[in-house]
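All remarks here apply to the structure that follows.
The letters A, B and C name the chains in turn, as written, and every chain counts its residues from 1.
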Amino acid sequence: MDKSINKVMGKMDVRKRFRLMLLALAAVLVIGGCGGGNGGGGTTAGNSGTSGTSGGDSTPSAPKTETVTLKMLTQEAAAPVFEEVFAEFMAQHEGIKIEIDSVPFDQLNTRAISASMAGNPYDLMEVNHVDTLAYIKGGVIQPIQSYVERDAVNYESLIFPALLEAGKYQNELYTIPYNTDTRVLAINKAMFAEAGLSAPKTQEEMLEVGKALTKDGKYGFVNAMLRHIYMPVYEQGVFLAARGGHFYEIDANGKAVATIDNDIMKEYFQFNLDLLDIMPKESLTMTEDEGRQMFASGSAGMYIFGPWEYTLIQDAAVDYELALIPAGPAGSSGSTSGGYQLAIGKGSKHADQAWEVLKFMTTDPEMMAKIGKLGLPTAPEAYNYAPFNEDKYAIFKEQLKTSSLPAPPVENYSEVVDKFNEYYEKVLFKNMSVEEAVKQAQVEVQKLLDRS
Amino acid sequence: MNVKFKRMIAPSLFLLPGMLIIAVVIFYPFVRNLMYSFTDFSILRRDAGYVGFENYADILAEGVFANSLKATLVWSFANMFLLILFGVTMAFLLRAKLFGSSILYFLLLIPWIMPEVVTGYTWKFLLNYQSGVYYNLLKTFGLIPGDIDIFASKTGAMLAVVFANVWRSFPIIALTTYAKLKTLSADLVESAMIDGARRWHVFFYLELPHIASTLLSVSFLCFVWTYNAFGIIYVMTGGGPLKTTEILAVLLQKIAFDQFNFSKASAMSVLAILVLVCIVATIYLLLKQAAKRGMRNA
Amino acid sequence: MRSGTGRAYLLFKYAIYLFMVFFTLFPLYWIVANSVRSSAEMLSSRLSWFPRQFTIANYAEAFGSQQLFISFRNSLIVTGCTVVISVLVGLCMAYVFTRYRFRGLPVIRTTIIVTQFIPVVVFIIPLYLLMSELHLLNTHLSIIIAYLSLSIPIGTILLSSYLTDVSVDIEEAAKIDGCNTWQLFTRIIMPLIVPGLLSTAIIMFVILWQEFLIAVSFISNEQLNTVPLFLTRYQGMYGTNWGGIMAASVIISVPGLFLFGLTRKFFINNLIGGVKG
């Protein structure tokens, strides 16, 4: 009993220090909070985001027309691009202010859906092309067909027609593609020159060339084969596209039909297996960065290359050149495109103004070149403007002619893709034969497609 | 009657704020989530209709759930075993005050503070086929059978993610156990040793009981957190190869954020919680039994 | 008497120690090494143990961006408030759990424990809707409220174990000496569980400091980004700026380490006090 009382008395020091620490913490909080800005208590609309104005309305003089504030949802990387364009728009249109909410790209959907559910939809938003149908059917975005007709805008001539497809539903246009991408083949010039080879024109040639290059710790081809579920359909899917194959199609009645159990697909799967022989062993488990590192350090002869790679490997040692994706037996090149679309939120109270902004951005080729900066512009005319008029984009423009979406998106697109990828993975790990895989995949994928 | 009520006031007041927050922020969403699981609510069907247990049936019918369950059990138990092993070992090592241990103690917090993305990627890189530092070390010690890519092997991938998670989380156990261990008077340990007790006995009958309650609480929390941890696996293997590291938390993440099938995700989360409750209840009962038997023998 | 076993035991102890030191510290070294590796070297596929080319560009870039400090401030505010409140509330609740016994208490205790089982994913959409209705989106308050629900149960559980160790006899003695509940709390109990309070506070701090899902759901205004949201700027769609994110990770570990370092003295003091007594 005595011991404990002594223990307690001996703690006086500790209590003081404890109080001191609490005080210090409180001080930090107070100073931090007073450091200006939006410490707790602000509301959504009032906070100035990252665009234009400083804290609310900046027209101090006589109130003319009411200022309409639009909210746009974008991914973080795209925010600066839109800010620039919006600044121009706002300069030309007094009375309309645009605020940007930016989130990491993988949170885009959650945010758009949540906002819509909360009854506070974004006026403008960008949508990944794979999700357009889900958004349309889910009532997150509204059709712009009436606006398009009213203002007589001919998007078919302004934008690559193949890309517009993702935004259409029952003959109404909902979204406008504003950036896209495509993939070409990158060649390690030194390795090819040393072996006396040139860029392969067909996929068969690619295998031969690759075999010749795979020696002494170097490989013919590198790609992180399973880094995400879209691989067999997009990144590796370029080879499927060049063979004229698709993993499903929409038939004349608008029904989605899986087209997996056929020769084209079997040959495509076999091609992937053959590729493994000219690729590093860890290709099945490597991350995208590792694949890139391998090519950038000159250890691989060929690599799938998109426009984003330019900045990502700008410090690399490798001397490379770009070529079109090698053709399949049918004889023509092909590639896959994705990209993001712009849309107006359903239930937006300022749809008319949102359309004005949309029109402003998408009908002027120079604007399209500006907003297409994150990937490739979707308007052919935009390639006449910087930076897309430079040589390094010529190959992409060329590839875009034979590039398309892997398939028109259905509502449960990601589920379908996931299922297809499951079988692709099994084949690559030699867990299942090609024959068996395409048979089962056909059935399983069709089941999922039937649900949409 | 009155006296009893009066005595209840203080404790009730103490409990109230906490329970209020938990009710609003945890139970309200959870109940709403539970409701979703019985509908076919998703982004596609806003006018959600009641579909009964269809979501649950769907999930259980696919082999995916069973596979995920197995992976989760392996993951959770492997983690707990290693976490406790490494954590308690480190606690004792820290107490021994070997050279540099005060710096080590200080640095122990970092693995835990590091973002999961960085931890996952670092460990993946270190274990990379041929180029990874750890891979080469393990090969030198003959611990890698043949020329394999760790992440392409089912056991290899699971071991890799488990060790990465253990590295990240064992400091919690080490630090809290160490703090508790320090309060065990050094005199007591000395005198026990002088009296001729063997090291093992000192550990088992003196030190372990002392740290037991703290170790138990912290281990319990760690177990639950580990069960729900998807960050490291997501980065290192994405659930592969062939879904062998796709634990329930990772699967849930995929369904919720890649497929937006919220009702399915809700059902999935309810199932995941049920499984966890079963596991914890089982362990609790087992421990209670062991304690009873221990008491009987003592 | 035991020198024979002593030497083998010592060797064993040191071997294990060295292994643990390596196990703990090597990845940390790797992270720091990569944060100063030049970007050209980062693109080579066999990264050497020791960087061949150094650069402080990653750190310069991180410090140069205002976002770093903004996110620090936001995280400190949110985490700090939550931890302080949670420790106090948790202590209150733990006290009731360990000192009282009335009907319904076990149910409440189980409830608290079960809250830890629920994956955060479950909360995201319902909480977003709730906060939206309350017009609390994009505010610190919404995050603090959500974080409180995470940390109060943790605090309660951990502090319960510390409180059970504080002998009830001391309290009885104090009560006999005329302490009321408040004095009991501040003068007798608090000092005895200071290390417990600090461990708990640190655990809460670290967990909340890294919390991502809730923050990203409630915040869309750059000015309110917390530290995990700041880190996402290094992760692009096609590749991650590993050098950058490693440097940023090193930087964001500092506050936690700093607070941790401050609290060390309390543990030492307590030990000395204990031995003396």
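Definition applied: contacts are C-beta pairs under 8 Å (C-beta built on N, C-alpha and C of every residue); 3 or more make two chains touch, one makes a residue touch a chain.
Since the model is a prediction, treat every value here as computed from it, not as a measurement.
Chains that touch both subunit A and subunit C are the following: B.
Per-pair tallies of C-beta contacts place B-C first. Subunit A and subunit C have Cα centroids separated by 34 Å. Taking each chain's centre as the average of its CA atoms, subunit A and subunit B sit 33 Å apart.
Centroid to centroid, with C-alpha atoms defining each point, subunit B and subunit C lie 15 Å apart. Within subunit B, contacts with two or more other chains are made by residues 121, 125, 257. Multi-chain contact residues of subunit C (touching two or more other chains) are listed as 45-46, 124-125, 235, 240, 242, 270, 274. Residue positions of subunit A touching 2 or more other chains: 110, 113, 117, 290.
Across the complex, subunit B is touched by residues 9, 13-14, 16-17, 20-21, 23-28, 30-31, 34, 45-47, 49, 89-90, 92-93, 95-96, 100, 102, 108, 111-112, 114-127, 130, 145-146, 148-149, 152-154, 156-158, 160-162, 164-165, 181, 195-196, 199, 202-203, 206, 209-210, 228, 231, 235, 240, 242, 245-246, 249, 252-253, 256-257, 260-261, 264, 267, 270-271, 274-275 of subunit C.
By the touch criterion given at the top, residues 1, 3-8, 10-11, 13-15, 17-18, 21-22, 25, 28-29, 32-33, 35, 37-44, 47-50, 73, 76-77, 101-105, 107, 110-111, 113-115, 117-120, 288-290, 292-294, 296-297, 299, 306, 308-309, 312-313, 315-317 of subunit A touch subunit C in their complex. Taken together, the subunit C residues at the contact with subunit A in this complex read 38-40, 42-46, 70, 73, 76-77, 80-81, 84, 124-125, 128-129, 132-133, 135, 137-141, 144, 167, 169-170, 173, 187-188, 190-192, 194, 216-217, 220-224, 229, 232-233, 235-240, 242, 262-263, 265-266, 269-270, 273-274, 276-277.
By the touch rule above, subunit B contacts subunit A in their complex via residues 42-46, 121, 124-125, 128-130, 147, 149, 151-152, 157, 237-238, 240-243, 254, 257-261. Looking at the complex, you find that subunit B touches subunit C at residues 8, 10-11, 14-15, 17-19, 21-22, 24-26, 28-30, 32-33, 86, 89-90, 93, 96, 98, 100, 104-119, 121-123, 125-126, 131, 133, 167, 171-172, 175-176, 179, 182-183, 185-187, 199, 213-214, 216-218, 220-221, 224-225, 227-228, 249, 252-253, 256-257, 262, 265-266, 269, 272-273, 276-277, 280.
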